[in-house]
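The following blocks contain the structures, represented as structure tokens.
In what comes next, chain A is part of two complexes: it sits with chain B in the first one and with chain C in the second one.
Up next, the complex of A and B:
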């Protein structure tokens, strides 16, 4: 094997792997807190990436309107849930979060969007939009199902994925889009050339891993989120607001998804349905990490990225087959290592 | 035969539909699609709804069925009828290979694993040269009988719907049998079933393969209906849709699959044809509406439409009236003076640093009631689990009638004549009392899945149900025999568990807190029953907190505290034992 080719493949694999790691982390986060296996994570990626790409052309992405529409639905649900004890303060709070916030984001987007808007502003706008969508997605789809089984949540998650992917086609069309690079700087070490973009990918991935690890291991809020995952009722009894935990988890996940999207859209062309596959690969990493461990997930994601890079070189036709079959031995090992606990379902 | 009437009517209606004058051919195409989807969903009903194993990968098994016949008929000119068994076989073999890996997966790993191999297989279909890559295989010959070729949708309609009806009938037969009860118990966990001899991994593999074969049948029909096969209908999205169909219809019900397929296929068709008019030409709008409807449906009716519908129809499920005079072969019993039935020597169980059972030794003689008492956390239930093979010992030996049983799986222990109840009731709440109790007789029947599907098990089945009915009568729950186990009070459920254990025809009955939740009179009746069982030659080992009940009933009492045996003797001696009083009251009185 040629060393240069190997290094190139490895570099490619690590860049992709870092993205998978970010997504894997988000999946672990959401699962650990809400027991939702977040299939629409891929849509957060495409929404973030394509909103950013559309903003870069000076237009307003449809996702900004979607955030407002979902906010309105969330507001309606809030009103319906609280119909027996409607108090002004409660209505106003819900109105501020669900209507005023996305409306403000929409107004901001219309105000700032333009052909000469700086990249940083476009990034901030895309992140705001997708974060709002993530937040409302939890309120609309998952909060009413919070007490149900992992299976029901999983199927609901699939439903969200279908709906959001369809909306992605409506907003962004069937054509692929690319966005402008974050920086044009580059660095050459030996035969390898590191672009500023890929360095940003590495840096942000490491930052997120450390931040999540610190957050869940060492802060009261992080511990509260974990407690919610283990036992909702118990967490409520000790005063943890389980709804808030779910909202925070979805907020973080959508942010991470959008960031991953913005990081890769300058490197590869993204289509409205690309997110699903990218998300699934993050998924494989998350599963290898057992849906609990952040560092293990990150390592697994790098392996998935590298396997993908090498198999696309040696057996490009069977790239996806190889990547997805990678999961089976891992699942078996996981199942054997943690023998079935008696589960009381329903 | 009465319960078959609705099926017969349905079959007649379906047979008549193509002959309605002026029926649009397109409707027949839709009905064909419904039938094809219903077949796959029916497998999912068994796998997911009944067996509790969620699979997103069923579409891949359709692919195996479709591609098998596509390759064989186009490249090798094999007759389509000959490829039918081969298609089913290939799907089945693929299911065995994947199933050996998949059904071992626990919890949420299982659905995730199915997504992974579902997608992997989809890419495999679309990359393999001999399967025609992304273009697939076209020019598949139609099904034909003699010179009659099933070219148009109106003729293959009959092949599809005969497939659906026969599959539905076989599936319902399977569920209503000895094997079916074992499958229906899977969803509630494996411990209860295994305690009565159910080979849980084999039962799981069975439903997995069964579902795959139904999907393979659907794929075979699809290939000859479309006369072409390409990877798209066998991908991840199709797999998700089949699961959706099963959930919409009602994941636990065979007819839910047909109903769900009808709802989803027609809904999709309506969305595809009318949404563009409403919203002006936007593509993929149906996916959006579809996704949203899915979430809404889960929030409003998580159990599906079929149970909602049947609750509103005047259909009453047929009552089973077992003929209790049918005998079931009994276990050979040792003579009354058989001596030691259960011998426990220095049994030890450690969980990490915690010693739950610390070198405990005691025995149970034939025709004896022994009580195992001790404060909470003393290791009583752990001892039960060691005896019945649910847990493996860290040390020591346990023997039944002189055979060492230590660390045999629960299915082997029950064969020796040791039956048990559970501290936390483990019944299947949506099965009737009769069906729950009949699980206890699992090892006393022999009919397998195939004979059940073709109703060759009826003689065997009638005997099992007769035995179950006798035991229910014996414990005094004859009036509740047709109620769902989940609708009984907790105390009654404990009694159902005793009846289930009695169905084993045991030598030794292990009862974990049988009197908890019973009223005074019920406790007295239970005590009388246990005495009667003892006088009939059975031994009983029971864990119980009600001291009045225990001291009145037991011949001998063994006291555990913190995993260690602190006393053993007659009730009278135990009552005055200073160690026991100290363990219960915390000080020497």
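Up next, the complex of A and C:
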């Protein structure tokens, strides 16, 4: 085997693996805090990527309207929940979060979108839109089910995935889109050429992992999120709202998804349904990490990326088969090593 | 004297089974009240329902507020705190973080004072502050659970079997601390199977049997009650007869 080819493949694998690592970390985070296996993570990727690509053409993506519509639904749910004790302060807060915020994002998007809008602004707008969608998705689909079993949450999760994928087709059409690269710079080391884009992938992945580590290790809110993951009742007994933790988890997950999408879309053409497959690879990494371990998930993601790169070179027809087969021995090993898992009850 | 906590005609059910029937109780400011009773009498159920962990039929008022519409988190913010039977600590986080999260609902400046107060009450926790909660001994975990609850500067601390599974010397330590809480302006509602120890520090007591209160009164009256002595204190008074 040629060393140069191997290096190329490895570089490719690590670039993809870094993206899978981000997605895997988000899955572990959401599962730990809310017990939701976040299948729609892939839609956050697609929405982020394609919103960015549409914004780059100077148009306003339909997702900005979706955020407002979902916000309205979230507001309606808040009103319904509070029907017995209508407190003005609570309603105003809900109005600000669920209606004013997405309306402001929509207005901002209309105000700023144009063929000459700088890339950074487009990125910021896409992130805002997808973050709002993630936040409202939790309110609409998962907060009302927060007390139910993992299975019910998983079914809801699949439902959200299908609904959002369908909406993706409506907003972005069946043709794929590509977005502009973050930077056209390139760096050559020996036989390897690092594009600005792949450097951005490495840099942002590392920055995100460090930021998450700082957030969970050193901020009160990060610790509160960990506490919710460790002991839900204990967290409630010190006054940490499960819904607040859930909102933050979904906010982070949707941000991570959207960033991943924006990082990929200049490298490969993305379709409305591509996100699902990308998300699944993050999912495999998360499963290898047992849905609990962040470092194991990150390492597993790099392995998944590398295996994918090598198998697409040697047996490209079987690329996905090989990658997804990785999960089988892991599941067998895990089921042998771990005692029967009890459904958490609370 | 207006009651800090006042529960009236409370019913708590698990499905069709009524575990607590028509119970009323009061806790005044700066008072230590205990509920004693055998295993399965419904004491834990009652405490959980007062905290909002289980649904309660009846009325609960705390610090002049009707609590029906409040969830657990709101009750915590109002100054009610529960140290549950299983302690529910954050096992993979260290002692200091557990305590810090206990102050989640109070301002940062107050949290610093809370740390001092809790470390003064439980010097052992200060020694162990970088240790993971899950690796502490049973007694230390109980101290941490109480410390975490006290970090939020509650008005009323509800303790569910703090002596459960602990060595006698540690139990004595914990009960002494509960006694000291009064000086700190914290009222206590204490559930205990160790009736003797509980009655010694309490002002008033309720005796619970099969989901109902069968007796209530000052702790000394209850302690000298013959039936209580026979069933819960493990000895018979001179010439006592079964009631």
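The rule we apply is simple: the second predicted complex is superposed on the first by the 337 of 346 C-alpha atoms of A that agree within 3 Å, B and C clash if a C-alpha of one lies under 4 Å from a C-alpha of the other, contacts with A are read in each partner's own complex, and residues count from 1 in each chain.
Just so it is clear, a residue touches a chain if its C-beta (ideal position, glycine included) is under 8 Å from a C-beta of that chain, and two chains touch if they have at least 3 such contacts.
These numbers were taken from a predicted model, which means no experiment stands behind them.
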Touched partner set for A:236, first chain B, second chain C, both or neither: second
Which superposed partner A:227 touches (first chain B, second chain C, both, neither): second
Partner chain(s) touched by A:88 [first = chain B, second = chain C, both, neither]: neither
Contacts of A:331 with chain B and chain C, given as first, second, both or neither: first
Contacts of A:144 with chain B and chain C, given as first, second, both or neither: first
Chain B or chain C, by number of chain A residues touched: B
List of chain C residues in touch with chain A within their complex: 51, 53, 69, 72-73, 76-77, 81-82, 84, 87-93, 97, 100-102, 104-105, 148-149, 151-152
Contacting residues of chain A [partner chain B, same complex]: 37, 140-141, 144-145, 148, 150-152, 154-156, 158-167, 169-170, 174, 280, 283-284, 287, 291, 317-318, 320-321, 324-325, 327-328, 331-332, 334-336, 338-346
Touch list for chain A against partner chain C, complex: 84-85, 220, 223-224, 226-227, 230-231, 233-241
Chain A contact footprint on chain B (complex, rising order): 48, 52, 54, 101, 104-109, 111-113, 115-117, 119-120, 123-124, 127, 187-191, 237, 240, 243-244, 247, 282-295, 298-299, 302, 429
